[in-house]
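Both of the next two complexes hold chain A, though its partner changes from chain B to chain C.
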Partner chain A sequence: MFDFFIHVASIACLYGVLALSLNLQAGFTGLVNFGLIALFGCGTYGAALASGMGWHPLLGLPAGIAMAALLGLFYARLGRKLSSDYWGIATLSIAEIIRISITNEQALTGGAQGISGLPLLFAGLKPYDGMARLALYVVVLALVWLFCQRLVKSAFGLSMKLMREEPQLARSLGYDLDRIRRVVMLVSSAIAAFAGFLYAHYLTFVGPDQLVSPETFLIWSMVIIGGVANNRGVIAGAFLMQFAMAYVPFIKDALELPTDFVAAARLIIVGGGLLAFLLWRPKGLFPEKVGGSNGR
Partner chain B sequence: MAGNLLELKDVSKAFGAHKVLDRISFGLSAGEIVGLLGPNGSGKSTALNVISGFLPSDGGEIRLEGDNITNVSAQRITGHGLVRTFQLPSMPHRMTVREVLQAGASGNASLASMLKPFRFDDELDELLESFRLTHVADLPASALSGGQKKLLSVATALRSKPKLLCLDEPTAGVHPNLRADMVTILKRYRDKGVAILVVEHDMLFIRELCSRCVVLDRGEIIADCAPRELEDNARVVEAYLGKAVEKGKVAL
Partner chain C sequence: MFQFIFDALIRSVDLALIAVALSAVYSLIKFPNVALVQYAVVGAFVAMSLHTAGLPLLLAGLLSAFFVGLLAVVFNILVFERLLKVDSAIALIGSLALSMILSAVFLLTYGPTAYRFKLEVTPAMRVLGARITDHQITTLIVTAISLGLFALILFRTSLGREMRATATNGVLAAATGIDTRRVTNVVVFLSGMLAALGGITLAMRGSVSIDLGTNMLLPVFAAAILGGLGNALGAVVGAIVIAAAETVVTNTNVGPLVGEDLYFLPASYAPVASFAILVIFLLFRPRGLFVSEVSRV
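For the complex of A and B:
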């Protein structure tokens, strides 16, 4: 049971990093990205490619970040021509195109079978390897949180918020909205790829099934339930959702419910949770703090 | 055509077959305050949109300090020192008045300087005080009244240290006392060399503030004169009242 807790907490930390990435885009800048999972996938496949090519495993990190940066810049470029709603649809489409391409490509990505046998971090520290990994993920989550806090409380953070709410006012004051979009996408893509790299070396397997669009909506539910544009809130949302979904099987056993209950309950947690919060508490458990910039 | 800060030459704009600006030419010097007047639909706001890059022109040339800014993007024009406000200013829900005002200072800043920590400085406090916004400084900007939003938009534009400030009906909905304050504040900035182009219907405000008026009617300039000369101008009187009126019987 303790190992299971360590496992769920580890995944929750990585989802927390991913939620912070989405929060920079959607929460603070108003970039409604439905293709987040593809940026995460750049990190997982960066790790897998390094492993498959026989490179040092750490080289998978810059490879993954570089791929995510390119994809993030492509997303940002699309944003110059598309309004918010259409941009969201475009990012979802691109993420699906990437997933389907990976599924049908064999030589580099292993197709639908994916790539397995990636090295597990701290494998030599058994029986404490799980705790060591969790400690690493907690440190990474804390560092990414600190970075995001510093960013959103800076003058650049003010420009992100102004772009989110009053783009015309931002333009009239001289803000280059394309540059803001580019920088936010670059930074948040790198963060998502970092989470993907750690995830790949945690599961030791990478496959296209990890990149299905419901994964993006799971991260969205963490952000919305935790609190849009609140970095602590989205981490709380990640832990809440991950633990709620992980402990569904225990509830099923306790109540002697059929196995089908697990999949249905998880869908209800994500979809129902999203709907409930959007209707009754749209600002999430921890609403954005107005006036939280660094000025004083 | 006066002016070497801003110069418009034969600037035109049409929406379909409807000509909104028909080869208008005028200019502004540094430290000059010019009123852009005219009845509703005369093309004042369109002129402001074209000058500030929010609408492309169909012809003519606009120069700011000698640089051709015709059809340059709004954001780049702001980089040249031209900042504008809007007729109906909309303010953010999740930013305080203080934060919006602070945002005015960094529009053309480098990325590196924007990433550094910042402090709300004395200049920001002075602007809040001048525009009587200190008591609402920490409220969401969207919570302000219509008049206060106008004041905040002018203050934010001034915070960006413009060379030319374009104001679109800055006193609509503003209390008369604050309107008088705004005249004082804008004249103070004029004395520092800031040029101001103001679209306004309030003739009292125009008389107190402007040294010159450019009057538009149906997209054409029908007068370019001092405010006190407006009521003696038959074309201006006719544009506003619809018919010729005996001299001495109008008060614009």
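For the complex of A and C:
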């Protein structure tokens, strides 16, 4: 039971990193990205690439980040002409194209079976490896959080928020919106790919099933429920959602419900949570702090 | 060759009803309602239940379409009117959330298995070398009638004039005494009916399962955006283009390109064709093939 708790906490940390990445895009800059999971996938397949080519496992990280950066730049390029709802659909389509291609290109990506046998992080520290990994993920999450905090409180962070609130005003004041979008996408793509890299070396398995679009919506629910544009909030959202999802099967067993209940309950937790918060508490559990960013 | 054209036609008919519904709603409430593809699934499931209960298919279909229309209006009033006050992107996320909840409801009531209408299966006819089934003919007729009626309403009635006025300039329409909220809800009702009919015809020729909606989502969006979101009948052309592309991708021998004699792309690449067209269009011609009434920043 304790191991399971460690496992869920580890996954929650990694999803917390993803939620921070989405928060930079959607929360602070107003970029409605429905293809986030593909950026995460760049990280996981970067790790898989390193393992498949027989490189040092750490080389998977730059490979994944490079792929994610390219994809993020492409997303940003698409966003130049599109309003947010169109962009959302476009990014969703690209993520699906990537997932379907991965599933079909058996020779390159292992197809639907994916690639297994990646080295597990800290496997030598048994039986304390789970704790060691969790500690690492907590440190990573804290560092990414610190970075995101610094970023959004910087002058650049202010321009991100200005772009979200008043794009036309921002443009009239001389801000280069395309550049802001590019930088935000680059930075957040790298963060998402980093989470993917860690995730791949945690599960030791990489497959297209990890990249289905409901995963993106799960991360969205973390951001919306935790608090849009509040970095602490989205981490809280990530933990809340991961633990809620993880303990559904126990409820099913306790109440002796049919197996379909698990899938349905997870859909209801994500969908219902999103909808309820959008309708009744659109700012989330931890609302964005407006103003009061001392010094800057 | 005729088989190819016919396959593409049937596929475009699959997409057309839902794509037209999506586009019509978009023209008035300015956000793409993802939940529409789930309304199609609701329509199929309800019609199937009514049909199993002993109603004739036509009556079951019409009742189900009417029910889904009402359901669409209820959701529009309860959820989307409120979310749209914030932002259209928020409404889009809300419609995604609603889709997930509907999926969960399907899963709990019908389970993950695929259902079929209990219809007689007749051997396929051969027309010009193409295999054509009765149900395909029925689908064509149902789609033609519903789209025809919709076009009649849109272009020949005073209600249609009010719809077009509201879509073009909502504030001005309201100022001239049009009850824009009522007009919007009428369109939402019609879109629900169209989507339900689309779902029913799909289920008639194959089966309906809970992932029918999510599978239809991107092709339908591609068709609607290609035709110019908000331009309801443009969506029909969009559907034809998407269907043709999907059929070409899976029926073309790409062997010479990869250095083999005979090589066909797997059928699962069919959706990739439609998504790729969608992305290319969004890159180079975001307003679609036709100038729609909606202009974007």
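Structure notes:
Convention: the second predicted complex is superposed on the first by the 292 of 296 C-alpha atoms of A that agree within 3 Å, B and C clash if a C-alpha of one lies under 4 Å from a C-alpha of the other, contacts with A are read in each partner's own complex, and residues count from 1 in each chain.
Here is the rule we use: contacts are C-beta pairs under 8 Å (C-beta built on N, C-alpha and C of every residue); 3 or more make two chains touch, one makes a residue touch a chain.
Only a predicted model underlies this, so the values are computations on that prediction, with no experimental measurement involved.
Residue contacts after overlaying the shared chain place A:T103 against chain C, while chain B stays out of touching range. Of the two partner chains placed by the overlay, only chain C lies in contact with A:F261; chain B stays clear of it. Contact with neither chain B nor chain C is seen for A:G117 once the two complexes are overlaid on the shared chain. Number of chain A residues touched is higher for C, counting chain B against chain C. Of the two partner chains placed by superposition, only chain C is touched by A:I94; chain B is not.
By the touch criterion defined above, A:E165 reaches chain B but does not reach chain C.
Counting contacts by the rule stated earlier, no residue of chain A appears in both its interface with chain B and its interface with chain C.
On the chain A side of its complex with chain C, the touching residues are 30, 32, 34, 77-78, 81-86, 88-90, 92-94, 96-97, 100-101, 103-104, 167, 213-214, 217, 220-221, 224, 260-261, 263-265, 267-268, 270-275, 278-279, 282. Residues of chain C that touch chain A in their complex: 31-32, 79, 82-83, 86, 88-90, 92-94, 96-101, 103-105, 107-108, 111-112, 214, 218, 221-222, 225, 266, 268-269, 271-272, 275-276, 278-279, 282-283, 286, 296-297.
Those residues of chain A whose C-beta lies close enough to touch chain B in the complex are 151, 153-156, 158-159, 161-162, 164-166, 168-177, 179, 183, 229, 288, 290-291, 293-296. For chain B in complex with chain A, the touching residues are 52, 54, 74-75, 78-79, 83-86, 89-96, 98-100, 102-109, 111, 113-120, 138, 140, 153, 156-157, 160.
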